[in-house]
Amino acid sequence: MEREHNLIPEDTLWKRFLYRVINRSDTRLGKLFDIVLLILILVSTLIIMMESVPWLDKKFHITFLVLEWVISLLFTIEYTMRIAVVKNKRQYIFSFFGIIDFLSLVPFYLSLFFPVTKYFLIFRMLRMLRIFRIFNLMDFMNDGYLIVKALKNSSRKIYIFLLFLIIFSVIVGSMMFMVEGGRPGFESIPQSIYWAVVTVTTVGYGDVSPITPLGKFFAVILMLAGYSIIAVPTGIVTAEMRNKRQNLEKICDRCGNEDIDDDARYCKQCGKKLA
Amino acid sequence: MEREHNLIPEDTLWKRFLYRVINRSDTRLGKLFDIVLLILILVSTLIIMMESVPWLDKKFHITFLVLEWVISLLFTIEYTMRIAVVKNKRQYIFSFFGIIDFLSLVPFYLSLFFPVTKYFLIFRMLRMLRIFRIFNLMDFMNDGYLIVKALKNSSRKIYIFLLFLIIFSVIVGSMMFMVEGGRPGFESIPQSIYWAVVTVTTVGYGDVSPITPLGKFFAVILMLAGYSIIAVPTGIVTAEMRNKRQNLEKICDRCGNEDIDDDARYCKQCGKKLA
Amino acid sequence: MEREHNLIPEDTLWKRFLYRVINRSDTRLGKLFDIVLLILILVSTLIIMMESVPWLDKKFHITFLVLEWVISLLFTIEYTMRIAVVKNKRQYIFSFFGIIDFLSLVPFYLSLFFPVTKYFLIFRMLRMLRIFRIFNLMDFMNDGYLIVKALKNSSRKIYIFLLFLIIFSVIVGSMMFMVEGGRPGFESIPQSIYWAVVTVTTVGYGDVSPITPLGKFFAVILMLAGYSIIAVPTGIVTAEMRNKRQNLEKICDRCGNEDIDDDARYCKQCGKKLA
Amino acid sequence: MEREHNLIPEDTLWKRFLYRVINRSDTRLGKLFDIVLLILILVSTLIIMMESVPWLDKKFHITFLVLEWVISLLFTIEYTMRIAVVKNKRQYIFSFFGIIDFLSLVPFYLSLFFPVTKYFLIFRMLRMLRIFRIFNLMDFMNDGYLIVKALKNSSRKIYIFLLFLIIFSVIVGSMMFMVEGGRPGFESIPQSIYWAVVTVTTVGYGDVSPITPLGKFFAVILMLAGYSIIAVPTGIVTAEMRNKRQNLEKICDRCGNEDIDDDARYCKQCGKKLA
């Protein structure tokens, strides 16, 4: 979520107007622009999905192609306009959304010269991430920002938890390889680790499941462990989220009360009017 | 949960009496009415379920038909009574429960003129929602109201979380389509997205599961991610629920603020000292 | 967890001694009694389990029979002793554990006169519940009591949540019956409801899974809903458990601070010594 | 996480230097040592995994063998150095990591004299646990320590919860054996208990699933129960983790109490005003 320092143009009036339409949503045209963009992104994503369905692609191949052309051209215009309009062009181009904008256009132009492969897909799909920019403008992301912040603050604990989980799964998987080794789904240690992760995360596809009584016994222990372990990430994030609920900067001048809600206008401990 | 303003009739005594029996449960007859209604709804739902089981329908077809007739007539009488009894008829008819009452009767009367299709089913099933009205009367829903309020307050965060989850699943599904593409269960992007959602929510049917080592590797990462992500909605609702534990009876005399913490001594909205 | 009022015998010395051995664990003999009982229960449960495995039962049928005889006789002696030793015999017999003790003995004596059926099993398995009594004595259950209390306090909210979950599953199951109706696993509404519950609770056996694209689309929505819903019971219990952590009766006389930990000896807000 | 009392050598300068390199990461060489060790552990683990994959082992058997030799020799040197360098040798050898270091070397030397069996595997895998020691040095484990402490503090509650869960699963499994007894997957009580655990922990492989309508009905109840029960461990750990959020740096000058809440102004153990 980049800051807009040095991005605002100052030179000409129409640039300033265009900048506002594209990057803000406080004008009628700006809102319209956002909505049209949102629809284009969704339509574009839907086309990519439908293209991958054989019978749909067969039937509507030309339609999809034309639509893809039109949308890609519109996105190209939008991308050019964004560059034209910002003051510090380099900053935009190498910003998170600048790279996304670029990457999601590349596959289309590459496909004009090279045969289309399914590996282009994932880049085209990156367009979906642009939805977040629009919502960002629409002042819808304050709550989302809180979630991201809580996740970021607890990220170290979550990394350690994941590290522990991976080592745990590797050891349990190796043990299971000793117990069930050779039976379908337990042909090697990596396979057994796959099973261990499927089990401990309670996904439980069932494509691999223990066969021998001893294997089932181990599986039961692993499941009970996984069922208790699931509490850890939840506990971490919940504790962090609780913390983020309070405006940490606010404090009452008179009584020093720090437990002040976001919407509070008076201190709930001493009744002083808050600044 | 509509308010009862303008619904209470004032004209005649028997209307007032009937209103009380139907809409309150503070009289003996009122309680009896509620219990009979509850039983009728449950029986009706059970019949619909059993009708769908081929061998049961074959054996008891006539019984089911007769019971359905009787119950539908009783519900029609009840519906008429409810309209007759309220003062502001339009308000009731277009209220949430008014529409439910109407919709759950329509299929029965339509089936007299048109051939019965299974699409009538879902409307008849809506009757189950009426259970909530009865429990509402029975003063059982205070706790339920707290849950609903906590969910409502955190709904924005949950929407953003779901949006993120959907975009995440779409991108992961597309990546998996590139890896496993063409193999059973990964024939198209929508199919792969279906797999991604099944995996990240830890449902894990196993009707689709990764086959190649690379696919399994991606699946393991997705599962570990899903296992950590599950903490987010839990954290959101838990944090909100903690907040909603606040004393609901407390209210500020001066400004009517109802959002008062347990330990508050002054209203945080207007600064008035609380009793 | 019954109270021991009127259960303590006062008449003879040996009765008082025996009572202490059986119902307390503050003597050496009392502890030994508990451990022997615990072992007997575990052995007895293991035998019942192993009896149900065909090849084990074939091989060790006589051994199991003899062990079952011996253990049942020991349990009978223990039961008789318990009755003999308490003052208010009726109160013990009709207490929770009294009934469990009786029910777990009945199948053995019935099997002397009637052919053994597998329905006796469940009663014999009830013996396992007696483990809780032993742990209760061993002063191990304080923490368990906190859990039970937290669950009890939030039971109303959990009931409403379950009610909502059931109605939700019934309606979703009915909708899925309309979509997938007739396909394997969706032959009737009850079957479809079974699928809905398997999905929404994220169990996901995979014995029933959606087949049509529309069915998969509905399933995806249901899964995302289930993934968010899971937060509700967690939120309820967590909020309740937090609450149980603080001694709710404690309050500081001087400053009125109610946030006092169990182990606090001084008010953390004003430093006053707590009673 | 053992303390380092009596482990620091005082005799010679090079011993002190080596000790610092091995056991600390505050020097350049010390950091390099940690990173090399980390890479060796990861490579070693990867080799063990790849050895278990038949076609990989066939192709690179000699490479794996040589690498295993080299790494094992390096680990042996490291182990010898660790012993040589510490003052109190016995304390290191019988410490948690000392035993891990030893156990992960034994299989290699045994394999020189005895035929290699897959049971050596698990000991070699224990090397992974050494990763924690390195992270410990890297000052990365403070957060991890918090998690471990929260789990330890709530371990008693979790044990009781697991005990309850096991007894619950055993009784439900036995009941299911009565209902579905003899059908595939429910051939014996232990099998049925396996199913019960798979279900209640929401893993749901689907290798065993109820077949009869009555069995499905029981399964639905079990799933709904499991869905509510999952809240319990989460609630326990979350509540504990909230508690552990307290400022760990804060300590009472007078009595040394470390359990000080963020909002505390006086020590709750001795009443001293906190700075």
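All chains are identified by letter, namely A, B, C and D, in their written order; residue positions are counted from 1 within each chain.
The rule is short, and it goes like this: contacts are C-beta pairs under 8 Å (C-beta built on N, C-alpha and C of every residue); 3 or more make two chains touch, one makes a residue touch a chain.
Keep in mind that what you see is a predicted model, and the values were worked out from it rather than measured.
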- Message: On a CA-centroid basis, which chain has its centre farthest from subunit D's?
- Response: B
- With over half of the numbers shared counting as same, classify the subunit A/subunit D interface as same or different. different
- Note on the structure: Here the gap between subunit A and subunit D, centre to centre from mean Cα coordinates and rounded to Å, is 30
- Expressed in whole Å, how far the mean CA point of subunit B lies from that of subunit D is 42
- Task: Could you grab the centroid distance between subunit A and subunit C? Build each centroid from C-alpha atoms only and quote it in angstrom.
- Result: 41
- Note on the structure: Among subunit C residues, those touching two or more other chains are 161, 190, 193, 202-206, 230, 234-236, 238, 242, 259
- Item | Complex contact set, residues of subunit D against subunit C | 156-157, 160-161, 163-164, 167, 170-171, 174-175, 177-178, 181, 187-190, 193, 199, 202-206, 209, 213, 216, 219-220, 223-224, 226-228, 230-232, 234-236, 238-239, 242-243, 259-261, 263-273
- Message: Can you tell me which positions in subunit B touch subunit D when the two form their complex?
- Response: 202-206, 234, 238
- Note on the structure: Contacts from subunit D onto subunit A in the complex sit at residues 45, 48-49, 52-54, 118-119, 121-122, 125-126, 128-129, 131-132, 135, 140-141, 143-144, 146-147, 150-151, 158, 161-162, 165-166, 190-191, 193-194, 197-198, 201-207, 230, 233-238, 240-242, 245, 263
